[in-house]
Structures are given as C-alpha cells and as structure tokens.
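Each structure below is given as structure tokens.
Presented sequentially are two complexes of subunit A, the first with subunit B as partner and the second with subunit C.
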Partner chain A sequence: MNAPQLDMAAIAPLAFAAFGALFVLLGEVWLTRRRTNEHFINAALSVLSISFLGLSVYCAGAAFSDGTTRVFDPANPMLSLDRFAAYSIALIGIASLLICFASISYLPQVGINHGEYYALLLLSTAGMFLLVGATDLMALFLGLELMSIPLYVMAGFDRRNLRSNESAFKYFLVGSFASAILLYGIALVYGVTGSLGFDAIRAGFPPGNPIGIVGLGLLVVGFAFKVASAPFHQWAPDVYEGAPTSVTAYMAITVKVAAFAALLRLLTQAFGPVTASLSDLFWVLAALTIVVGNVMAVIQTNLKRLLAYSSIAHAGYLLIGFATGTVEGYGAVLFYLLVYVFTNLGAFAVLMALAQGGRDCDTLDDLAGLARQRPGLAALLTLFALSLAGIPGTAGFVAKFFVFESAVASGQTVLAIIGVLGSVVSFYYYLRLPVQMYMSEAATETPRRHAATGELLVLAVCAVVVLFLGFFPSHAPGVLGAVRALEWARSSVAMLY
Partner chain B sequence: MPVPLAHVIALSAILFAIGTVGALSRRNLVVILMSIELMLNAANVAFLGFARAWASLDGHVMVLMVIVVAAAEVAVGLGIVIALFRNRESVDVEEVSLLKW
Partner chain C sequence: MLAEYTGAVVILAVALVLASALLGIHLLVGPRRSFAEKDEPFECGERPIVSPHQRFSVKFYIVAMLFILFDVEAVFMYPWGALFTELGWFGFVEMLTFVAVLAGGLAYVWMKGALEW
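After this line comes the complex of A and B, so read on.
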C-alpha cells in the first residue's frame, strides 16, 4: 500500500489554530509556575493566540489570492482549502483575532481571567476552519462538534455566576440536540447515496427518494438551530444574555459565519441539483426569522438580548440569499457576512469596553449619559447601531442592498419587501441606543473606566471598515471597496459550482 | 439469516423518536443528557445498517467518530451540570429560568 500524498498546505490554517491551543495551554502552566502577575499571563496568552490566528489568516489570504484548490488527501477528499474556504477562514480568523485583542482587558474587568479561555477559543476556531473547508459529511460533523463543544464551556466561563451557568446549560442542551438531529440527517443521506463525500452525494443523490428528502430536511434543521433561525431560535437570546460579553460576541459572529458558510457549501457542492426545490423552505425560514427577530427585539431592555434578536433578524436577511439559490444571492450572503462581522464586533466591543468592576454593561439604562462621559464610545456605538439598521452611508446598507437586489433579480420580490419592512422596524430599536446615550442622564453617576488599547484597536478597525465600505463602494483600496469585496465573495462562491 | 436492512432502520428510527421525545419532555437534566445520547446512538445504528447494505467502510468509521464526539460531549455536559448543581442544588430544568423573554 502506497503512502497517501498529503498536501499539508491545505490544513495550514487549521493546524496553526489547533497547535496554538496546545501552546496556550502549555504556556499557561509554564507561566503560572513562575508566579508572574495574572494580568501579564493573560496578555501574554492573548498575544500568543493572536499570533497563531495571524498565521492562519495569513495562510488563508495567500491561498485566496493564489486561487488554486488544495485538497488535503486527493485520493480521499475530505478537507480542501479553496477560494471559498480561504475567504471564510480569513473572515473567521480575523474576527477571532480581534476578539482576543478585546478580551485582554475585558476578562480581568469581569474577573474571569483564566488562560483556558484562549485555548478554548482557538480550539473552537479550529473547528470552524474545519467546518468551512469540509467536503465530506464526516469532516463536517467533526468540525461542527469541535466548534460547539468548546463554546459550551466558554458560555459558562463565569462559573460562579448563575446566569452564565444557565447560559452554558441551555446552549449545551440545544446545541447537542441540534447536532444529534444533524447527525441523523447525515445517516439518512449516507443511506440513500452510500457515501459521505460531497462529490459522490452530488452524483448519487436520488431526487425523489423520501428517505433522502427527510435526511436533507434534518440537515437543514440542524443548521437552522446553529444559526438561530426562527422557529429554532428560542435558545439564542437566553444564551447570549447569560454568557460573558466577549463570548457572546464570539458566538454571535464567528459561529454564524462558519455555519452559514458550511451550509452554503453543502447546498451547492453536495446538493446542487436539488437545491432549487428547497427554495420555498428557505423562503419561509427567512420570512419567519426576519419577522420574529425584528418584532421581538423591539420589546427588549437588555442590550445583549437586543443584539441577540438583532442577530436573529440578520440571519433572516442572510437566508434571503439562500432562498434565491443563485450565484448572485450566495455572493451577497458572503459579502453580508463580511459586513456583519465588523459591524457586530464593533457593537460588542463597545459593550466590552464599558464592562467594569466585575459587572457587564448589559442593560439600556447602563448607557444613560454615556455621550457626556465617553463621547467617543457613544459616537462609535451610534455608528455601529446605524450600520446594523442599514442607514445609507454605512456598510450595513450596502450589504442589505446587495441581498435585496439579488432577491428581486431572481423573482423573490415579496421576500425582499418583507426584508425592507423588517429593516424599517429595526430602526426603532437600534435608534433607542443613541437616544439613551445622548438624551437621558443616569440616575446615579458612576465613573467609567477608559477603554484599553486592545479595545480601541478593535473599535478602530471595525469603524474604518464600516465607514469605508459604506461611503466608497467602488473607490477604496483592497477589501475596503464594497464592489471589490463583493467580487471576491462572488468568485469564492462561483468556484463551488 | 442476516437481519434485513428495513428492521435495522426501523429500530434506529424508533430509538431516535424515543430520544427526541425524551429530550423535549423530561425535566431532569441527566435524563435529557441520556436522551440525547440515545439520539446519537440511533444515528449510529442507522450508519451501521447502511454501511452493511452498501458494503462500505465509511459508515463504520463515522460510528467511531461519533462515539468519540459523544464522549467529549457528555464530559462537557456533565461538567456543566455539576457547575450548575454547585450554585443551585437542583438539576430540574424547570428551575433553570433566570433568563427569559
């Protein structure tokens, strides 16, 4: 038997993240033995994670500009690094890296300064890299679990806090329930095709077989749970509210990118021929998710809950792209994910910068009087809220525009109208943030801390991306030009066909 | 005489249904955990039945993977249950209701 020809470059991003997790664990033990200052250990581990994630992102970027498809084991293709995977990996990697930066000062502020945090974050990120590169249902399932299991722990990271316990517990129950459903779907798909590889499924999936249809349905339901799409969304607000803010940011942003990217690849590469018949299903999911997310967000008074419902609503807009089933629609989805990452990360980074003295800043009342005390943070939060709402001049508008445009172009006009109406409703609850910050005063004034360097860096990056993508769609350099970023997204999707 | 594929799949479907109903209706955390394990094992039974029908090894390998993943999941799940129990002295899901609406 010949030794398999393995292409190590195909797993470079994944390997850097996974080895990074091991180094962080070792590093923590090594540093703690020397009884150095706790803040120093935290910062050192964070920098270690950031450098490993940086290497991952660098590899993904190189693979993206290279444009060739690398398969880890060509004889038995399970994991590949192609343009699509590279785009998603770069996006997830950058988001995780920025969250590491913001966590340096956030973790000590809320008193959960433990090194395992970064190891878990890196492991989960490695799972996401595996998930978006998987071209086999086995790799897909492994990636999904490697992504989810560390996240259950991270949600309960503040283990003396009952809310954090409850968040972890709910996330664990719903997450493993969803995984079991997804796994049964994989089993049924395997039953009708006799294979787990995407290419073989594409060739051998019988369109009319009821077992196959049930299997595909269970797969979609499993992913709907993971991306918190209505009617499978009830867990998200509870989990997002209870988890520490940095973990909430991580869950809301990277998990959504990874799950949507994996679903996109699954629907095009594995189920390409039958995807058109799912269009109605996605239509219903998208419409329900937009309505539920936006309506429920209106009555929230907890900021993290509000952002959770807002992220449900955004999942609805993303599902519009899936309902179209065209390359333009999928390209718009990938571009939307890019905008979603930076806008939401910015909003969460402001909340992280406002946490102090063991307390998260998580109710609307906590924002009262912020404009006078910290005008910079107030202005930034306003910018990100406006971008989430989709005001012209921000990235959020451009992203929504591309999604709705693709919906209209493929004849889904009603869905586009529902999306627009949903965004109109969303203006109400997003504008409550600036109103609270600029127009009301806190009953008892507590001094607020200054934002730390890491948080400022994250805020600056997010603000620049949001503004440039919104203001100069066609003239800005590199990724900052929305039209070019959209081209990249489209070319990543086009290679899946 | 080998067991027919239909019987294997029927068994796995019944196990999956029992697991799903258990996970959705039970109130004790540990029982819910067991129900979820039952769902995973129902999928394992289906994998093995299909693997034999197609004479392919993929299903067998997948089952090994699922067993490993399930073990990891249970370890984390029990850890979370213990953390919750320490703070609250109860494993009844009805009482875990700080976060709602």
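After this line comes the complex of A and C, so read on.
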C-alpha cells in the first residue's frame, strides 16, 4: 500500500488544539510538582491554552483569506479546511480563547481551580474544529463525540456541588441519547446510499425513499438535541443552571456554533436536492422553538435559566434561516452566529465577573443595586441584554434583521412574523435585567469584588464587536473598511454550493 | 428496494421465535420448587454467610478505568500488527503518534499518583 498524500495544513487548527490539550495536561502535573502557588499555575495554563488556540485561530484566518479548499486526504476525503470551515473554526476558536481569559479569575473565585479544565476545554474545542470541517458522516460523528465527552466532565466540574453533578449527569444522558439517534440516522443514510462521504451521499441519495427520509429526519433530530431546539430542549435549562458559569457560557456559545455550522454543511453538501422538502420540518422547529424559548424565559428568576431559554429562542431565530433554504438565509445564519457569540459571551462574562466567594451570581435578586456598586458592569450587561433583544444600534438587531429579511425574501413571511412577535416578548425578560440593576436595591448589601483583567478584556472585546457590528455590519469607514463581517459570512456559505 | 431488507426481517423473526420457544419450553416443562434459600435475593439457592453490602476501595474504579484505556490501545495494535508490512513506514509513524498520545495520558496518571495503591 502506498502512503496516502496527506495535507497537514488542513488539520493545523485541529492539531494545535489537540496537542495543546496534551501539553496543558502534562504541564499541569509538571507545574504542581514545582510550584505551590495555585493562581500562578492557573494563569500559566490558561496562557498556554490561549496561545495554542491563538495558533489555531491564526491558521484558520490564514486559510480563510487564502480561500482555497484543502482536503486532508484527497484519496479519501473526510476532513477539509475550506472557507466555511475556516470561518467557523475562527469563530469557535476566538470564543474559546476569550472564555479562557475570563476563566483565569473565575475558577479560583468559585473554588474549582483545577488545571484539567483547560485541557478539557481544548479537547472539546478540537472536537468542534473536526465537526465543522467534516465532509464524511464518520468524521462528523467523531467530532461530535470529541466535542461532547469533555463537556460532560466540564458540566460537573464543581464536583462538590450537587447541582453541578446533576447537570453533568443530565447532560451525559441526553447527550448520549442524541448521539444514538444521530448514529441511527447515519446508519439508515448509509443503508440507502452505501457511503458515508457527503459528495457520495448527494450523488446516491434516492429521492422519495422512505428509509432515506427517516435517516435524514433522525440526523436533524440529533442535531436539534445538540442545539437545544424545541421540542428537544428540556435538558438545556437544568444543565445550564447547574454547570459553573464559564462552562455554561462555553456550552451555550461554542456548541451552538459548531452544531449549526455542521448541520449547515451537512444539509448543503450531502442533501442538497432534498432540502426543499425539509423546509417544512425546519419551519415547525423554528416556530416552536421561538415560542417555547421566549414564553418560558418570561417566568424565570434564575439568570442562567433565563439565558438558557434565551439561547433556545436564539436557536429558533437561527432555524428560520434553515427554513428558507436559500444562500441568503444560510449566510444570515452564519452572520447571526458571529453576533450570537459576542453578545452572549459578553452577558456571561458579566455574570462571571460577579461571582465571588465560592458563589455564582445566578439569580435576578443578585443583580439588585449593581448599577450603584459597579456602574460599568451594569452598563455593559444592559448593552448585551439590549443586543440579545435586538435593539437597533446593536449587533443583535442587524443579525435578526438579515434573518427575517431572508425569510420574507423566500416567501416565509408567516415565520418572519412569528420571529418578530417572539422578539417583542423577549424585550420583557431582557429588560428585567436593567430594571433590577438600576431600579431596585439589595436587602443586604455585600461588597462586590473588582473585575479582573481577563474579564475586563473579554467584556471590552465583546462590547466593541457588538457596537461595531451594530453600526457597520457590512461596510465600515476608514481603516476598518477591511472588516466586512456580513460579506465573510455570505462568501463562506456560497462556497459550499 | 425494501426487498433488500428481507434478510434482516428473517433474522428478526428467527430470533423472536427462538427466544420465545426457549423461554416457553422452560416455563412449560421446568420443575418449580420454592424454598427459603432460593427466595433470597442473593446467591441463587445458597444461604448467604456474610452481608452482601461491603465497602471496597474506590481505587478499584481507577484501575478499571485505566485498564480500559490501555486495553483499547492494545486492540488498535492488533490490526496494525497484522498489516505491518503492507502499511510500511506510514503505518509505523501513525502508530507512533497514537502511542505517543496515550503515553502522554500514562505520564499524566503516573505523575498524578493514580497508580499508587
């Protein structure tokens, strides 16, 4: 057998993240034997993870501007680094990197300062990189598992906390269930087409074959579990509530980006001809998810549960783009994911900066009087809440606008109206945050800590991106003219066709 | 198209018939005698001599988990060994990478003290 011609540049981001995990794991034991200062070890490991993730993001950025498609093994294409994968990898990498920055001070505050956190985070990120680059169902499943298994451990990272254990166990059970459904879908698709590669499936998919349709449906249901879309969303609030806030942020943000990007590639590359018939399925999923997410969020008093239902609602808006089935719709989805990452990360970073003395800041009452004690944090959380709701001038408005626009353009006007009505409902619960911070006072005043450098950095980046994209989504003046986020998203999707 | 699945349906039917036949025959012709020891939930028919609820070291779990890890490593080595000459240097380098990653894991558990009894 001849050695296959492998293109190592195609797996560079993945390799940096995976080997970074190994280095962090060994670095942790090496450092704990030599140093006793826990904060130093934590910061050193975080910086190590950030540099590896930085290398991954750099590789993805280079591949994105290069624009060529690199296939890892051209004789057996399972993994490729193209413009779409590079866009998603850069997005996931930046989100993970910022979460590492914010975790430096968050982990000691809640007393879960263990170095394995960063190794698990890097491994999970490597799985997401594999997931978004996969052009074969086997690679896709491998990526999905590599993404999920470290996440189960991370959800239970606060292992002395019962809620955290509950979160990990629930996530593990539901996650395994979702994986099994997905695997069954893969098996059925393999049964009718006789292959696992996306291109071969597209060539050999018999239209109208009931077994093929069931297989495709099971694949979509598996992904619907992962992105917490109604009616497969019940796990999300419990899991998000129990996990440590930094892990919740990681689960809510990066998993959603990775799973939506992988679903987008799967639908366009493997099932291109049948997506029109899938439109109705996504229509129902989107409408149901928007209604359930927004209505349930209204009655929440726990901040993490509120953000969990908010992220379910956002999954609904994203599914509108899938229901359109057009290039514009998918481009809007990719742009929405970019905005979603920075807006949600900002909101979670404020919550992380408010955690202290082994306690998470996770109820609405914890926010009372924040505007007087920490006016900066209160103002930032207000900005992110407004962006999540979609007020003009913030990135959240622009992202929603493009999704609804693509829905109307493709004739899904009713769905767009449901989305807009859902957004109107969402104002009620997003505005409860500023109301609580600015208009009520805490019964017992506890002094709050100052935000650490890492958290301030994350907050600054998120706030700048949210405001910048809110004003200049496609064209920016002056030296920033090179930033054309909307164009990047659209060209990434167009490349899949 | 569905005819391709006939084999699977036949196997399913045979499995169902066989399982119900075996259990059914057992129920029909098997003797049923009940006595105190047999109704004990533990040790089918034997009188238990100690309490079944015993404490044992959690270290067994760690050893069992590590065993699975390195057992799987060995499983992956068999196909490589069977195709050693065919895979050549490419296979060798691939396997070295695989073992190096697992060696990293071994170094981690060793330095963490998980192997100390």
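Please note the rule applied: the second predicted complex is superposed on the first by the 486 of 497 C-alpha atoms of A that agree within 3 Å, B and C clash if a C-alpha of one lies under 4 Å from a C-alpha of the other, contacts with A are read in each partner's own complex, and residues count from 1 in each chain.
Here is the rule we use: a residue touches a chain if its C-beta (ideal position, glycine included) is under 8 Å from a C-beta of that chain, and two chains touch if they have at least 3 such contacts.
The structure presented is a predicted model; accordingly, all values stated were derived computationally and were not measured.
Asker: Tell me the contact category for A:Arg33 with respect to subunit B and subunit C: first, second, both or neither.
Answerer: The answer is second: A:Arg33 touches subunit C but not subunit B.
Asker: Which partner, subunit B or subunit C, is in contact with more residues of subunit A?
Answerer: Counting contacted residues of subunit A, the larger count belongs to B.
Asker: One more residue to check, A:Glu166. First (subunit B), second (subunit C), both or neither?
Answerer: A:Glu166 contacts subunit B only, not subunit C.
Asker: On the A-aligned overlay, A:Ala187 touches which partner chain: subunit B = first, subunit C = second, or both, or neither?
Answerer: Only subunit B is touched by A:Ala187; subunit C is not.
Asker: A:Ala379 contacts which: subunit B (first), subunit C (second), both, neither?
Answerer: It touches nothing on subunit B or subunit C.
Asker: Just to be sure I read the superposition right, which of the two partners does A:Val291 touch: subunit B = first, subunit C = second, or both, or neither?
Answerer: In the superposed model, A:Val291 contacts neither subunit B nor subunit C.
Asker: Using the touch definition from the top, say if A:Leu25 reaches subunit B (first), subunit C (second), both or neither.
Answerer: Once the two structures are laid over each other on A, A:Leu25 reaches subunit C alone.
Asker: Where does A:Ala43 make contact in the superposed view: on subunit B (first), on subunit C (second), on both, or on neither?
Answerer: neither
Asker: Can you give me the overlap between the subunit B contact set and the subunit C contact set on subunit A?
Answerer: In subunit A, no position sits in both the subunit B and subunit C interfaces.
Asker: Give every residue of subunit A touching subunit C within the complex, in rising order.
Answerer: So the residues of subunit A in touch with subunit C come to 1, 3-4, 22, 25-26, 29-30, 33, 206, 209, 211.
Asker: Which of the residues in subunit A come into contact with subunit B in the complex?
Answerer: 137-138, 141-142, 145, 149, 152-153, 156, 159-160, 162-163, 165-170, 172-173, 176-177, 179-181, 183-184, 186-188, 190-191, 194-196, 237-238, 241-242, 299
Asker: Can you list the subunit B residues touching subunit A in their complex?
Answerer: Per the stated touch rule, the residues are 9, 12, 16, 19, 23, 29, 32, 36, 39-40, 42-43, 46-47, 49-51, 53-54, 56, 58-59, 61-62, 65-66, 69, 72-73, 76-77, 79-81, 83-84, 87-88, 96-101.
Asker: Spell out the part of subunit C that touches subunit A in their complex, as residue ranges.
Answerer: 1-2, 86-90, 101, 104-105, 107-108, 111-112
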